[in-house]
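Submitted below is the structure of interest, expressed as structure tokens.
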Amino acid sequence: MEDPRQRAIEEHIRGDAYAATLGAHIEAIGPGYSRVRLTVTQAMCNFHGTVHGGVIFGLGDIAFAAASNSRGQTAVALDVNISFLRPAFPGDVLVAEAQEQDLSGPIGLYDITVRREGDGQLIAQSQAVVYRKREWFVPE
Amino acid sequence: MEDPRQRAIEEHIRGDAYAATLGAHIEAIGPGYSRVRLTVTQAMCNFHGTVHGGVIFGLGDIAFAAASNSRGQTAVALDVNISFLRPAFPGDVLVAEAQEQDLSGPIGLYDITVRREGDGQLIAQSQAVVYRKREWFVPE
Amino acid sequence: MEDPRQRAIEEHIRGDAYAATLGAHIEAIGPGYSRVRLTVTQAMCNFHGTVHGGVIFGLGDIAFAAASNSRGQTAVALDVNISFLRPAFPGDVLVAEAQEQDLSGPIGLYDITVRREGDGQLIAQSQAVVYRKREWFVPE
Amino acid sequence: MEDPRQRAIEEHIRGDAYAATLGAHIEAIGPGYSRVRLTVTQAMCNFHGTVHGGVIFGLGDIAFAAASNSRGQTAVALDVNISFLRPAFPGDVLVAEAQEQDLSGPIGLYDITVRREGDGQLIAQSQAVVYRKREWFVPE
């Protein structure tokens, strides 16, 4: 059974306005982990007809924010490096996963992958750093 | 007077579906340069109440794509590193500028800034690399 | 028993002049993988008395080059993002590992870690991209 | 005339052991700025016969450290993204420049370029982030 504090944290994270705007579904939130899913549409494409980098990054960023704030402490993104491996297309279902790699003082390090469901191909991978404030959005 | 080839390139770039979805306005496209503007709304915010990293990145990415494809040759993003300096808020007008720094064989390097209009504060800065294909979306 | 082509590739990689200059030992080279070890000295420190970022990056870069050239095809670094997690000190033994994550056309993606031997602490992590030329430094 | 505090800061920075080991010359240190020069040798090359990425990064990192510590406050590198544009060769003289772009709370952002003297070609460019501690290595 989930504890009430964890439920409050998840509710707060699931209230992300931009995730709702984009149509992304936060499927899982655990300590230092999150998985988010999105079905991409024509409206999310660039002028080459492939899914826009901003959408791919945004999907990964939703997972990153959920993972790095998963303990109720406010974490803000400092730096994200994204490598784009191959294009995604309208109709693709994309799954982003963010996984904590390290915590060191106020700094946290995360790996993020965005894969296409079905063939599992890697669309993009990120390495991302947060600064963890001495603030808790859900009190300890 | 603008030449017809340049006009065809600009029309193609301005047809970006995601820019329209986001509400971003491509204000300027020149050789290796672009400037894009966006008024941010509540719907673009994260669960901390600040503008989502995916929106800030996406705005810069629209400018980056316009700048790196500004000569009609197809360029695709390989790697983007974004540093977030300070938060932006609903109601802010954000202006992204992308500027070519170097071309070397198939590789192009771009600097991207996202600033808040008014106080001119730097919200985010990126360094970004494209791979330029031997394809022209508007023939030479 | 190792085949002669693989031996020729390894000999070429082990001839790295800078690895010898730095005193780094290439311990393992496999397909898309390498591990490199270095005992750090006072002469490798910065003015804060900790191991210089250039040495930590350089150690990881030796592993990255070995991993990405491990099949005899010439690969050159395009972009590397390094996050520094905690300081290393004179006398530390550092171990870098590079692991291929993906190959897509001419592009290869690698993860690199630099850890302190003994406590296993993560000193730095990189995400790195190569461009693979249509050249083989050891013929196929 | 230079003030004594600034002279103490410069002396501290010029005491960098690794800069001496590498043979790099710190030519200029100003507020948020530094320029460093290095003549590259065979011993700094990789197995492709070009200057090692670790040396190019290291040179830029010496400039970055000088620029980001130029006010006597201890700054440590958090994240550096380097893009490699073209190779450098033994005998080349390389000049690195680091320039502060922004300060925001404990975070500082720097641009770093490494150019070949003579033709001025861009060898590498970095975007780099420091965390500024509440410590001064030369008291205020």
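Letters are used for the chains, namely A, B, C and D, taken in the order the chains are written, and counting of residues starts over at 1 for each.
Note that a residue touches a chain if its C-beta (ideal position, glycine included) is under 8 Å from a C-beta of that chain, and two chains touch if they have at least 3 such contacts.
Note that the coordinates shown come from a computational prediction; the quantities given were computed from them, not determined experimentally.
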Ask   = So which chain is farthest from subunit C, going by the mean of the CA atoms in each chain?
value = B
Key: Between subunit B and subunit D, centroid-to-centroid distance (C-alpha), Å   = 29
Task = Could you tell me the distance, in whole angstrom, between the mean C-alpha positions of subunit A and subunit B?
result = 21
Query = In subunit D, which residues are in touch with two or more of the other chains?
reply = 78-79, 81, 83, 107, 129
Task = Treating touching as the only link between chains, describe the layout with one word: line, ring, star, complete or other.
result = complete
Remark   = Seen from subunit D, its contact residues with subunit C in the complex are 12-13, 15-18, 20-22, 42-48, 52-55, 57-59, 61-62, 64-65, 69, 74, 76-84, 87, 137
Query = Where on subunit D is subunit A touching in the complex?
reply = 78-79, 81, 106-107, 129, 131
Ask   = Which residues of subunit D touch subunit B in their complex?
value = 79, 81, 83, 85-86, 101-102, 104, 107, 109, 111, 122, 125-127, 129
